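Structures given as structure tokens follow.
Shared between the two complexes below is chain A, which pairs with chain B and chain C, respectively.
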Partner chain A sequence: MLDRTAPDTMPAWGRLLAHVVVWALGLAFLVPFIVVVLNSLRTAQEIAQTSMIGWPESWAFPNYAEAWSQFCVAQNCTGLQPFMWNSAAVTIPATIVSTLLGAVAGYAISLWRFRGDTWIFGLVVLGIFLPQQVRLIPWTFVLRDIGLINTLAGLVLIHTIQGLSFTTLFCRNYYLSIPQDLMKAARIDGAGFFRTFFRIVLPLSPPILIVTVIWQFTHIWNEFLYGVTFTTGSQQPVTAALIGLNAAIADVPQYGVQSAAVVLAALPTLLVYLFGGKYFLRGLTAGAVK
Partner chain B sequence: MRRAPELLVIWGPLLLAAAHIVVFTAWTVWISFTASTLMPVSEFVGLRNYSSVLATRNWKIAFDNLIVFGGGFVAFTMFTGLLLAILIDQRIRGENVLRSIFLYPMAVSFVVTGVVWSWLLNPGMGVQKLVNDLGWAGFRFDWITDREMAIWTIVLAGVWQAAGFAMALLLAGLRSVEPDLIKAAQIDGAGPLRMYTRVILPTLWPIMVAVLVILLQMAITTFDLVRALTGGGPGIATQLPALVVYDFMFQRGQIGRGAAAAVLMFLTLLGVLLPHALFKYARRRRAADA
Partner chain C sequence: MSALTLRGITKTFGTMPVLKGIDMEIESGEFTVLVGPSGCGKSTLLNIIAGLEPPTGGTVEIGGRVVNSVAPKDRNIAMVFQTYALYPSMTVRQNITFSLECRNVPKREREAAVARVAALLQIETLLGRKPSQLSGGQRQRVAMGRALVRDPLLFLFDEPLSNLDAKLRVEMRMEIKQLHQRIRSTNVYVTHDQIEAMTMATRIAVMHQGEVQQFADPDTVYNRPANLFVARFMGAPPMNTLPARIETAAGGVRAVVGKGEAAMTLSLPAACAMQAGREVVLGLRPECIAEEDRWFGHGGERVILELPVEMTEPTGAETIVLARLGGERTLARVSPDVRLQPGDRGRFALDMRRVCLFDPGTGALIA
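Here is the complex of A and B:
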């Protein structure tokens, strides 16, 4: 993405105008982020006297400590901490397992080939388009029957199985570019399914594995509907807890602490984006082109 | 040749993923034809759930809102995305920073952004309060508490969140335009405006269709953002189909009707996805024939 198409005939004033407009828009896009970060460093009184938008007069860093470990959500004064750990306990295993299974499945479909691989791949990819709402009732009864309702393990199961649609698609498309000759050579050497995978395919995989991991991590961390439907109270992931937090605002306005909580909840995926933006974008476009 | 562990690793996860898609869809469709309320029952009631869902005020408002929100969201996201892509393509200084800024909302949960927007848009403490405090006492920006305008707050937050995504795909499209095409147009004396309207944009339309379809898919399944931003209110003024599904299933304990609403939602989605699939298929056929 280094080349540009912009015609060279663009006059100098035109380029200047483009700079002004695009940077102004860039700042505008940052406003919600800046506002919430600044708010997270203001005291409740300060915000109450002015508005949500303002420069901190005294930097209220304790807001973060309070949001992390003391803040009350629905009479539960544990702060955001347990919910953050819940989200991590769901997101990390589900990301790793779905990525690994997707890599093996993608490898089997693209390079090893087996009877029926095309139709099963087609079905799995259809999962990308199937709205969550259609799966809600079945998941409710499946989770209840296997005893995983209101558990983090239940959410891990859901995100692992559903994530396979994306991870299989990503890996399969990537592995298609591995030359078949390489596979033939491995087969002639007598390497079996797993040996070929670990010796040849996996060492070629880091680029797509990074894309897949970032995609899965971001999506599972940010997921809300399943979290709010299948878990309650202390088992909730942070997105579901945040809604409770926002509802509690009406009772005791503590916007400083609440802003800090919002920043904390967004931080993991923001950090991933900051360091892996390129791969995040690749996942978005890979998911889009399908 | 094939050994058990291979078969298990290849087929296990794939079959599970494929089966959950097929079985869960069939399951929800089946429930939508039964008299199920809190628990599934097998009493067949034909299309009764569908007719009663379609007759509720909730669903009518949700569907009208979907048309307004979907139309506004898609149109403004596309416009903003295209504007940003064209501007960024003008050899802008700091392009990478800008691209990251426009795309960062996509990395953050809709719950987080919804909460932040609900604060900014709250007339008592957000933008309106700020402007009022600055001295313009008559300034009003209270869409979020206005039944007529509240749906546009969701459009606003949605556009802010998704415009960077549209920009990224369209920018990639802009940069894959044939340089020869641009040179030829330059020789013909086309100015910047004509260059875009007559030469560059017409080659972009397949990407624009792809972006359009993804945005429509996002609009139809929107849930988190509304839950965090307005909660469907004021009253039920910002109700959307996904919220109605949830309401039937988990708040009113009418899973038959909830399933019917979910199927209706899915059919709406298919109304977008199927034409696009046919369109892509036809294009591929034509490309293969040529």
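Here is the complex of A and C:
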């Protein structure tokens, strides 16, 4: 954690410079988003007649209704709605299952030392460093053989298994700060593997579970490559469906509605970040029981 | 009945031997303290008794049953940890009953057990709290409650007081001892603090480098230490150990400490005559060297010497004096009203009845 009580040794001009740099970076990251949000509230004519950057003259809220239920993406005039549900149907189960499995795996590796545990941990973590593209072809075989090509269940499977590398790493590192004496006490008290997990370890876990859930949710929701590779048409998650926008923009520019679609697609991860962000930052630096 | 028997316990980590064959027999109702400097293997031995670590060799018997392949929960033991190891998310009540819950004890019996333990330790008002809402001493009490609730054959304590501040440590030390006197539990208690060992134990096992140096009652360990390690480890300040030569003279047996002009002669009890002519290490507790007019009691040798004073440490109740005896640094405990200054030559009375002689080669007690 930052120690806010530490004596301030930075000179005044240095502080000023730091503030300027931080604000400039913040603006640089925010400007594209602000432009998109503003455009999502302007009509197509207004954007065409003035410029891409401008304050809405009349607030065009119907853009959102249209993007949600009527807008045509790749010849399907259903709006984003079904694709948003697809994304939710992939992201929510994959996030929950990968987080819980990661917690159990991290608990086993950190607190129930067994022969070869460091090797298993090394292999699990290796998954983080494999590029996504390398994994495409093996997944093609797997999904084909078990009949899950072009299904949401297939994407759930992929994201659950690939998420395990991160969730196991996060939870294992967090659980290392749980004192070994606690485990010894549980063994003498007669608690087994799962009783110790559910009664002692899991109640200590909310900080790291929040981090893991936010991480998994944003990554799976924003994931794109597997979405376009393994699903087509009505089975696509929203990130894949948004490609249709590119084609649409080339034909008939409807910047207002299209901007609204982009904002809608980003909304779930934004909300997760807004509500969980402070826990996320806190959880990444927190120890378990002190 | 023998509550705990250890036979030939060895433990090696990699190639490093940590325990080199521990044999010990502990009777039911005894308060045994394993004491030694850090790294002596005492905590490893406790973990082996608990079943948290397997021994490399040897057998552990609890209540007459070999338990080498028995899981910790089935060994009929309870343990109190240095860090208390209370489950942070559970209330005090849940902490205490968790072991009963794991054994599927009916709720009504669990409640009765909590009530009994809470009354015993006077923690009734804390039962609804979480460990984070307790002070150090209260946590310590709850940790003891968790051990007491099952009424096990053997209580294991792993340095339970070393996380408390000095004042609280003394209070809890007394409480643990009183509790033992009341319920006559069989305790094995690990500590590096020799005062805890002396004050609480019915028997002390002094450990060093993976071996038990001496296993005896506190009085014997203090007054007749089996070797130089025990002599120097037990007692604060430690026993004076001075190289000396034993001689017989007209008046009886005597020890000569130091050489040349600094040499001093101390007359010894007659029993030391067998060591005549030998080079030895002479051991004398600091409290056996006091101000000149101290009366040690009837009988025995009393020697008066004039020694140069190098430093004094007043503690209030007494004053520790660093002096030179035959050129060797020697500690004395004098009455606080004796005002000696560094550089003075003080006159001291030495109580030679409790002198110990050690073999300078092996360090073993010889007389």
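Keep in mind that, in the parts below, the second predicted complex is superposed on the first by the 251 of 290 C-alpha atoms of A that agree within 3 Å, B and C clash if a C-alpha of one lies under 4 Å from a C-alpha of the other, contacts with A are read in each partner's own complex, and residues count from 1 in each chain.
Heads up, the rule we're going with is that a contact is a pair of C-beta atoms (placed from the backbone, for glycine too) under 8 Å apart; a residue touches a chain by one contact, two chains touch by 3 or more.
The shown structure was predicted, so the numbers you read here are calculated from the model rather than taken from an experiment.
In the superposed model, A:Leu204 lies in contact with chain C only, and not with chain B. Applying the stated contact rule after C-alpha superposition, one finds that A:Trp13 touches neither chain B nor chain C.
Taking chain B and chain C in turn and counting the residues of chain A each one touches, the greater count comes from B.
Once chain A of one complex is fitted onto chain A of the other, the partner contacts of A:Ala265 are limited to chain B, with no touch recorded for chain C. By the touch criterion stated above, A:Ala185 is placed in contact with chain C alone, chain B being left untouched.
Once the two complexes are laid over each other on the shared chain, residue contacts for A:Trp55 go to neither chain B nor chain C. Applying the stated touch rule to the two superposed structures, the overlap between the chain B and chain C interfaces on chain A comprises residues 289. On the chain A side of its complex with chain C, the touching residues are 179, 181-182, 184-191, 195, 199-200, 203-204, 289. Against chain B, the residues of chain A that register as touching in their complex are 1, 3-11, 14-15, 18-19, 21-23, 25-26, 29-33, 35-36, 39, 47, 50-54, 101-102, 104-105, 108-109, 112, 114, 120-121, 123-124, 126-127, 129-139, 141, 161-162, 164-165, 168, 192-194, 218, 221-225, 228-229, 239, 242-243, 246, 255, 262, 265-266, 269-270, 272-273, 277, 280-281, 284-285, 288-289. Put simply, chain C touches chain A in their complex at residues 47, 50, 52, 71-74, 77-79, 81-83, 85, 87-90, 98-99, 102-103, 146. The touching residues of chain B, counted against chain A in their complex, run 3, 5-6, 9-10, 13-18, 20-25, 27-28, 31, 40, 84, 86-94, 97-98, 100-113, 115-120, 122, 125-127, 129-130, 133, 160, 163-165, 168-169, 171-172, 174-175, 177, 179, 182, 185-186, 190-192, 195, 200, 210-211, 214, 217, 220-221, 223-224, 227-228, 242, 245-246, 249-250, 255, 258-259, 261-263, 265-266, 269, 273.
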